[in-house]
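Following this line, the structures themselves.
After this come two complexes, each holding chain A, first together with chain B and then together with chain C.
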Partner chain A sequence: MIKPLALRTWSFLKSFQLTIVLLALLMALVVLCTLAQVEMGTQGAVNAYMRSFLVWKHFASVPFGVPVFPGGALVGLLLTINLIGKTLDIKLSWGRSGMWLVHAGLVILFAGEFVAGMMQVDTQMSIEVGQTVNYVQAYKNMELAVIDVTDPKWDEVYSVPDTLLAKGDPIAIPGTPITVKVKKYFPNAELTTLVPGAEPSLATAGVGTGVSVVGIPVVSADNEMNQTSAFVEFTAGGRSYGTWLASVALGAPQSFTHEGRTYAISMRLRRQYLPYAFTLKQFRHDVYPGTQIAKNFSSLVQVVNPSRQESREVLIYMNQPLRYEGKTFYQASFGKNDTLSILSVVENPGWLLPYVSCVLVSIGLLVHFAIVLRRSLKRRQDQKEG
Partner chain B sequence: MPNPPTSPRSKYALPVSLLAVAGVAVLSLGCRADQVAHYRVPKEAAASHPDHPGHAEESMAAPAGADLPAPPVPTGQGALKWSLPKGWSAQGGSGMRYATFQSPVAGKLEATVVVLPGPAGGELANVNRWRNQIGLPPLDEAGLAKARTVLKTKAGALNVYDFTSDGQARSRTVAGYIATADGNTWFLKMTGDADPVAKARPDFMRILESIHLD
Partner chain C sequence: MKSLTKYLPWGAFALALLIALVVALPGGKVRGFDVNTFGTLPILEGGRVKPLDSVARNSLLVIHSRQGFRHEGRAIGPDEWILDVMFRPQVADQQPIFVIDDLEVLGLIGAKQTKNRNYFSFADLSSHLEEIQKQAMTAQPIPPQKRTRFQGAIVNLFDRVYLYYKLRNTLQLAGSPGIAWELQSLGTPEAALRHQDLTSLAHFRILPPPAGAGPDAWMSIGEGLTAANSGSGLHPGLVPMAKLNLAYVANDATAFNQALTEMKGVVTTLKPGALSHAANEITFNRAQPFFVGLTIYFIAFLVLCVSWIYKPELLRPTAYSLLFAGAIVHTLGLAARIILMGRPPVTNLYSSAIFVGWAAVILGLIIERMYRKGFGTVVASMAGFASLIVAQNLGTDGDTMGMMVAVLDSNFWLATHVVTITIGYSGTFLAGAIAIAYALRKHIVVKTDVETDKALVDMAYGIICFALFFSFVGTVLGGIWADQSWGRFWGWDPKENGALLIVLWNAIILHARMAGYVRDRGIMVMAIFGNIITAASWFGVNLLGVGLHAYGFTDSGFVWLMGFWLTQLIFMGICYAPPRFWAPRPGAKA
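Right after this comes the complex of A and B.
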């Protein structure tokens, strides 16, 4: 009973009919994802349509999300299984070696997209001319940075991710006596000056005592940024240091001192510090003569890595990224009258897989062509002789 | 030449293990980012984002952070006003930025007005933040008093600071700090390369001298 059912399922999974349906779904997903980018932004749409197993929609009448379409991850997974099933059906012989290589290449291509979808980390690095930067920062994700600034040379940076703040549980900062209690967390908020008669602020210390915070819907478009904010209470050694408002919209420095150590607090884009630093020596923005049409953007950076005793100049320009220590730095944008360069930083452990796939598919097609040609020539020869 | 595996058991093994690997990967990635991270880093010589981390309104095509919602700015009697010298213009700001000045001086230079409710962390902390942004060490209270020049304006006493960094590429910050009667603190700051800031300074000082309440 179970065996025939399993066999039937397996035959369905590797059928050509399923291939056609899945390819059609993939095409529909590409169109839907492209259209969704208008409202959700590139990353938001890719995450919702391509890198999810199901596409969820929220309807006003239903309190929870409803799956409305298979996501790219589900379609991709089924296509991979379908392809593997088809590949296993190919006879294992020298005559079919080209087909094996082509199919193996395609499977690796699909696997590469899964690795990218699950493990790729996209960040950016903004550097002004003359400035040295030793961190990359997220596009959207935030962190509550609690920084021990006591040492005159070093900062001890403790980064509490927004995802942890959203859970609302008390957060002990390892290596310090500090505990952060999240009183209220806003993924996106609007800040206004507290007017007389309004409900008092939750903050009891810092700038936040004079600010009113109202939660607003989260934005995901490329040119919008959530004003992530939180009322957080800091306690250490059984003593409370008050409830503070930490918000991306606040630039004012806020800090408290516990047992001689000063801790600065701020909400900011999530940072990842690097064991090396980039100094932007020159930024060029060339245009075609007589026009404002961009011809070239390039950043001349000095890469300094003490652990490798390395200090060298690198020119990063369009289509010529720098691959360094597992990260790829692309010239992405610029600003501030051409004195600010923005590098898009991609960390993808599977970046080689598409190249491997292309090579395998190319070799496979060549091998298959050679085999078919040889067979065809042999047939002609046989016909002549016959 | 051996044939491809044909027993159903071995045929299911590959897709089942693929699904298992994908499932484990999804679960492990789900837990990945939810931990407090710790870094020991050298003190920043210059903050990349002087007044707020979004800091994208200066960037023409910044990938993130543009179009912050309207700031919590005072209007009516609490708001500061100023007169602009010839060639200067002002634009309304975004985020906590109240306004941005455009100067006719070429070069790397930025002049802004930021307003924050309350003492905004205090004068010493803010002045040290500005010094940190151009790579200067912090001051103590005595050093702050020494660096301060008080300018009498129609809006009250404005504390003015002027710092220039050392080194080959010198940066300079000229900033005014004033607390208004409604409890807000205003920062009028011009920062950039030392040469253009020096050229624009006389005009910027005229703006500072002209401030008054609406």
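Right after this comes the complex of A and C.
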């Protein structure tokens, strides 16, 4: 009973019907994802449509999301299974070797996109001319940073990611006696000065005492940023150091002192520290003569890596990124009157897969065309002779 | 009769090329003034050195939607027009060259729309300039996609008026006595202010880099005067320009032509090579190879249509040789653009239309050689004609050889990724065109001809395979470009997605055929739908206005795209309908 069912499922999974349905679904997803980019931004739309197993939609009348369409990950997975099944079905003969290569290449291409979807990390690095930076930061995700600034030569950074803050449980920061209690967390908020007579602020210490915070919907468009904010209470050694407002919108530094150690607190874009540092020596923004059309952007960067005893200059410019320690740094943007350079940083362990796939598919297509051509020439010859 | 069959195709071929050659020859002098040579003077505008003629043509195209016009019973070409704008504004201001179609804008300037009254002169508009500017300034901050029809139209009118205004004040401040007078009054109190105005309003820089300056250090007349005023030397081009100015205003053709020779001498000394480069470009401008090409394609199409009812053995080869002549003109134009720009063929939307048409025509020629049934000719001439019409309409917003923004500045990837993708577009369109021909034929031709139907399906199938290959390779090359440049292979950028859609759709067609879900008719219906997808991928992205590839498109483009989609849906319906379905005579079936 089970065997025929499994067989039927397998023959369904490798059927041509499924191929066509899945390709059509993928087309629909691509169209939807492209249209959604106008509102949601590229990253938001890709996450919603392509990098999810189901596309969820929130209706006003239903409190939870409803899956309305298979997502790119599901379609991609099924298509890969379908592709593998079909490829295995292709008769192993020299006449079919081209098609074999093409489809094997496609499997690898899909695998590459899966790896990218699961493991690719997109961050950025903004450096001002003369500045030295040893971290990359996220585009959207935030963290609550608690920095031990006691030693003037050395900062000890502890950070709590926004996802943990959102859960609301008390968080004991490892390596310190401090525990963070999240009183209220706003993924996006609007901060205004507290007017007399309004509901008092949750904060009992720092600048937050005079600020009123209202939660607003999260934004995901490429050029918008969430004003993530939280009221957090710090306790250490059984003593409370008050409830503080930490927000991306607040610029002023806030800190408290526990047992002679001073901790600065701030909400900021999530950082990843690197074992090496970049110093921006020069930024160039060339235009075509007599116009505003950009001809070239380039950043001259000094890369200092103590672990490799390396210190060298690198020029990063358009179409010419720096690949370093598994990360790719490319010239993405600029600001502050051409004194700030913004490098986009991508880390994708599967970056080689598309190349492999491309070579396989190209060879496969050429082989196939050669075979078909030979066959048709032979047929023509036969016709002539016969 | 037999000799006619032999010679008519050759005759038509030679005649078409001869006409193309005649168009490229320079015209005569206007009122004795050598305006053609004036047009060859090289200038710097939009980041590149080009002949003044290009500025004149593109400006007139932007302002007037055409490269020439008739006024007081005389045809006025771009070079004569720009001379009047710059040196005799009182004459040019009276010429009705501003096209205004929008009713609300017409209402704003107080004119009722009548059949003849869509053209206005600068003088007509001058009393409304303040209002036009005020309205345009309110609309300008709104992103183009979100502007209302009126806002779009008023910004457009303002841009055109401003361009005219700048041209009017590039060589001399309009209404002032001219360059010679400026040279005489150097050092007077108001001179410096006037030079500043001239500098800031200048649309282009006509004085070649002086000896010792950098290669890009072209100067406008204002900058040249400022330099002279501050004592850093008189640019050698200023005196001949002053003479040109005086001679043109005084209507002295001999002196004008003499001053022109002098100015050419200055250019040759300061910037050797610029003059000949400009002269090449002006030949290209005059030849208008794409306009000539589309005319020849259209004639080829007509001849072929006639061949179906009249003397096919004579007219079909004639249509083919005309198509061939059109392809030669088209190819020469494409090659000229590549040489002039020093770039691969496709650099913007305009050039992609030209290239899509070119590749479709070449494919069509090959098909015709293989099958010789006239279908290759008909679809190729139609595809070539249609894509060049699209190109003509895309090229109305100025210089079509503009500079590449930094991110796209890579000849290698432009030559590989962009070209292969564009060939993929061509193939998909050509397959769609063959399918349309198949659909129409099925309903028009009474006698069923299985062999011809089979040949058409074979052609479409072969081209779909071809298109799949090129769009797939092109898409992957795009991914590799992205990985090389930005460290990510695939970013789901709208244009990448569009290319992916074409790949997926062609793959669906091939798999559906292989699995036997569709037969001839089904493949043809699907091939027509390929046109919809390709158009969406090609133009739809620009309407969305997101991503790296969004480089501008107007709402009228949206209407056209919708219209195109609708016609394709109708063709799909026609293709799907059984043959002769409107003539339900059971006995009529042959």
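To be clear about the criterion, the second predicted complex is superposed on the first by the 358 of 386 C-alpha atoms of A that agree within 3 Å, B and C clash if a C-alpha of one lies under 4 Å from a C-alpha of the other, contacts with A are read in each partner's own complex, and residues count from 1 in each chain.
Quick note on the criterion: a contact is a pair of C-beta atoms (placed from the backbone, for glycine too) under 8 Å apart; a residue touches a chain by one contact, two chains touch by 3 or more.
Every value quoted in this text rests on a predicted model; they were computed, and no experiment measured them.
Asks: Quick one: classify A:Thr163 as touching chain B (first), chain C (second), both or neither.
Replies: first
Asks: Based on the superposed arrangement, let me know which partner A:Gln120 touches: chain B (first), chain C (second), both, or neither?
Replies: After superposition on chain A, A:Gln120 lies in contact with chain C alone.
Asks: In the superposed arrangement, which partner chain does A:Leu79 touch: chain B (first), chain C (second), both, or neither?
Replies: Neither chain B nor chain C is touched by A:Leu79.
Asks: Which partner does A:Val303 contact after superposing on A: first (chain B), second (chain C), both, neither?
Replies: After superposition on chain A, A:Val303 lies in contact with neither partner.
Asks: Please name the chain, chain B or chain C, that touches the greater number of residues in chain A.
Replies: B
Asks: Touching A:Ser344 in the superposition: chain B (first), chain C (second), both, neither?
Replies: both
Asks: Figure out whether A:Ser333 sits in contact with chain B (first) or chain C (second), or with both, or with neither.
Replies: A:Ser333 sits against chain B, while chain C stays out of touch.
Asks: Does the superposition put A:Pro253 against chain B (first), chain C (second), both, or neither?
Replies: first
Asks: Of all the chain A residues, which ones make contact with chain B and with chain C?
Replies: On chain A, the overlap between the chain B and chain C contacts is residues 332, 344.
Asks: In the complex, go through chain A and note every residue touching chain C.
Replies: Against chain C, chain A makes touches at 16-17, 19-20, 23-24, 26-27, 30-31, 33-35, 37-38, 42, 45-46, 50, 109, 112-113, 116, 120, 122, 287-291, 293-297, 318-321, 323, 327-330, 332, 344-346, 348, 351, 354-355, 357-358, 361-362, 365, 369.
Asks: In their shared complex, at which residues does chain A touch chain B?
Replies: Those residues of chain A that touch chain B are 3, 6-7, 10, 13, 77, 80-81, 84-85, 88-94, 114, 118-119, 124, 126-135, 139-141, 149, 152-161, 163-164, 167, 171, 173-175, 190-194, 206-207, 209-212, 216, 222-225, 227, 248-255, 266-269, 271, 273, 332-337, 339-340, 342, 344.
Asks: Under the touch definition given earlier, write down the residues of chain B that touch chain A in their complex.
Replies: Contacts found on chain B: 1-5, 8, 11-12, 14-15, 18-19, 22, 25-26, 29, 33-46, 48-54, 56, 58-74, 95-96, 108, 110, 114, 116-118, 120-121, 125-126, 129, 137, 169, 171, 183-184.
Asks: Residue numbers of chain C touching chain A in their complex, please.
Replies: Where chain C meets chain A, its residues are 44-48, 204-205, 216-218, 402-403, 405-407, 409-410, 413, 469, 472-473, 476, 479-481, 483-494, 497-498, 500-501, 504-505, 507-508, 511-512, 514-515, 517, 541, 544-547.
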